[in-house]
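Just below sit the structures, each encoded as structure tokens.
In the two complexes that follow, subunit A is the common piece, with subunit B as its partner first and subunit C second.
The block that comes next holds the complex of A and B.
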């Protein structure tokens, strides 16, 4: 299999012939996969913080108690998010990648919305709206790429030149709305100060890795 | 030029226009519930764009797209319901906190009456029968696995809506109807595998006869089997 993606993604190690959904290994995707899995493990093992709130103009600090059940849900969502990020690093199919992005978006919503505060739930709601709107450019762009080239496989698309600038721009816009914008909503709700903070960091990590991976795909597909 | 490539550009255009108009409508909305519904419309426009490709692969892509869209709608609507509960509790406890830079934040959204007594809506009593009847008829017309699925969705919808209204099937009824429907489904399975499918290979010259048997038996089998779920009263 001759590929000219070596210059961007590093050495090509091989692929898993898994039906239509082909996972492939390059230096880049393996490093991303291992990073995502490592941080998923870290999220699984860490204990959440307890949060102490100052009372302004008043005496006595308030300890925010988070029930074990709530924490378990948030941890499950963070682990789902991490696993999806890890496999989004490996996948070799544009539509499959879009589906992974959508699942990461749902998991992000789950992590954010597990905090029982009105402002945080509002932010989760608006993030959900943005994520749902951006399925149009994301899936629409993969459909347009399919219509223009007849394939969705990154390995096939990397072989020849197809002039896909417009489709790639729409795809990137969809990625930004689906996952890339999640840290803004996490920060908008002051998530770092919300009780049980460490699981929130999975949103930031997955968003970062997904943006880097999308850039790599957009450079490979041409 | 075939029909798919003739309609491709127009379908993409329609999808984009629907998406952009929905975005404009969302920007004009004041109620969160309407925002959610209009966002669902954007996802329908996404399905239009995928469907415009019109190949086998595009057909296979519509289903995951639809599932992901539904999952997101469910998640966001759960969040909306919970947010409104939390907001109501906050208003009840009446300790409104001052927020930082409150004068720069958006105004409170207008009050939407969510305490509708749903049991008094006439459409709940009349619509499920009609929709279920139409779906069962259409499923019988389609035959085969697809027809069975359509038929089952009609039955499922009818039974679930009966359960939601309150006059669902009682436990004793379930015990008998469950046995009866699963027995019927088993007989239909035997029909389509043993009579239809095997006969199709044994007597290829009478293929039309066996095709009709297979199609009808499969529709009845899938329809009755999936219809069982409706009597579970979840």
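The block that comes next holds the complex of A and C.
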């Protein structure tokens, strides 16, 4: 079966085949790939921020900083998250994309779970619960699409119409729970009081890119 | 109804999973009644459940073929990217060979190779999936072990 490159939105630049899973480049996915990799490099090279907390009604300001052990695990998780985001931009397979989302979700949890603060850990715990329950709609929707169309390749699904509206709704709900909701938790004061700016911002960037990419996939698959 | 109270209610982290679960229940309850169809010409076909049992000792996963000689019956999306597909699906290690002669339930065991049988749909045609599945497990163990090893540390 020949590779269908005509129905994909945007200019098709090339592909990397891994068996049935074909990574393909369009101008959209290439830009997302480069942004994610660039930010991963920024995360690797920069030092984390330090915070100075004022003590109200007391003397002495408190300096919050990221210790070396904490820095190592959080940087590793941020880099894993960045690389997975970059390759999720390229993948041409619905099930593979869902697995990338699962890895990004768990790496997001790893970024915040090293912080030894009760509020941060509890927010990470509740985010973990949402990520866990949303694996059901995410992988369930991939299975439903496979049952209905007989293929998982985005390039093949883009070829002709399959009436996938409801399956796509479940898929999008799964994406929202897995990574789309992460900035909601990160933006909560509990998490932002945790120092370490580039690592927390990785959650935001990956979630933003994943939402945009999911919209692109949902528009291509029909 | 005071809208400020609603905002304050949903701003708590422990409330969001409840709201999300309720939303999910609603969506799935609607989707349950949506009619759907089954496409017969599936990409990764599998035999009807129980149709192979007691006929082959590799019961649910018997795809036929002879290792390196006759390719097994595997259908893939892009055969041009998989020149040697089906060639090693039927391979069994000596230990598994011996075991498969002893028991008719060998296909459901995990012996000497992951999954008992080298399933090429997992390891060759969809190899990237397998990498990501094990990566998820690896990362969760990393997080757990870091938290466990540093449980005594205080800020």
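The criterion applied here is as follows: the second predicted complex is superposed on the first by the 210 of 222 C-alpha atoms of A that agree within 3 Å, B and C clash if a C-alpha of one lies under 4 Å from a C-alpha of the other, contacts with A are read in each partner's own complex, and residues count from 1 in each chain.
Quick note on the criterion: contacts are C-beta pairs under 8 Å (C-beta built on N, C-alpha and C of every residue); 3 or more make two chains touch, one makes a residue touch a chain.
Small disclaimer: the values here were computed from a predicted structure and weren't measured.
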Have a look at subunit B and subunit C on subunit A after the superposition and call it: clash or fit. clash
Contact-wise, after the overlay, does A:31 reach subunit B, subunit C, both or neither (first, second, both, neither)? neither
Which partner does A:41 contact after superposing on A: first (subunit B), second (subunit C), both, neither? neither
Give one of first, second, both or neither to describe whether A:156 is in contact with subunit B, with subunit C, with both, or with none. second
For A:212 in the superposed arrangement: first (subunit B), second (subunit C), both or neither? neither
After lining up the shared chain so the two structures overlap, which partner does A:11 touch, if you call subunit B first and subunit C second: first, second, both or neither? neither
Please work out whether A:129 is in contact with subunit B alone, subunit C alone, both, or neither, and reply first, second, both or neither. both
Hey, is it subunit B or subunit C that touches more of subunit A? C
Report for A:116: first if it touches subunit B alone, second if subunit C alone, otherwise both or neither. both
Tell me which partner A:139 touches in the superposition: subunit B (first), subunit C (second), both or neither. first
Clash-wise, after the superposition, say which stretch of subunit B runs into subunit C: 147-155, 165-173 or 201-209. 147-155
On subunit A, the footprints of subunit B and subunit C overlap at residues 95, 99, 102-103, 106, 109-110, 113, 116-117, 122, 129, 133, 136, 144, 146-147, 152
Subunit A-facing residues of subunit B, complex: 8, 12, 15-16, 19, 23, 26, 32, 35-36, 39-40, 42-43, 45-46, 49-50, 52-53, 55, 57-58, 61, 64-65, 68-69, 71-73, 75-76, 78-80, 82-83, 86-87, 90
Along subunit C, where are the residues that touch subunit A in the complex? 11, 13-14, 16-17, 20-21, 23-24, 27-28, 31, 34, 36-43, 76-82, 124-129, 132-133, 135-136, 139-140, 142-143, 146-147, 150, 153-155
Which residues, counting only subunit A, touch subunit B once they are in their complex? 95, 99, 102-103, 105-106, 109-110, 113, 116-118, 121-122, 124-125, 128-129, 131-133, 135-136, 139-140, 142-144, 146-147, 152
As the complex stands, subunit A meets subunit C at residues 1-3, 17-22, 69, 73, 76-77, 80, 91, 93, 95-96, 99-100, 102-103, 106-107, 109-110, 113-114, 116-117, 122-123, 126-127, 129-130, 133-134, 136-137, 144, 146-153, 156, 166-167, 169-170, 173, 177, 181, 184-185, 188, 190
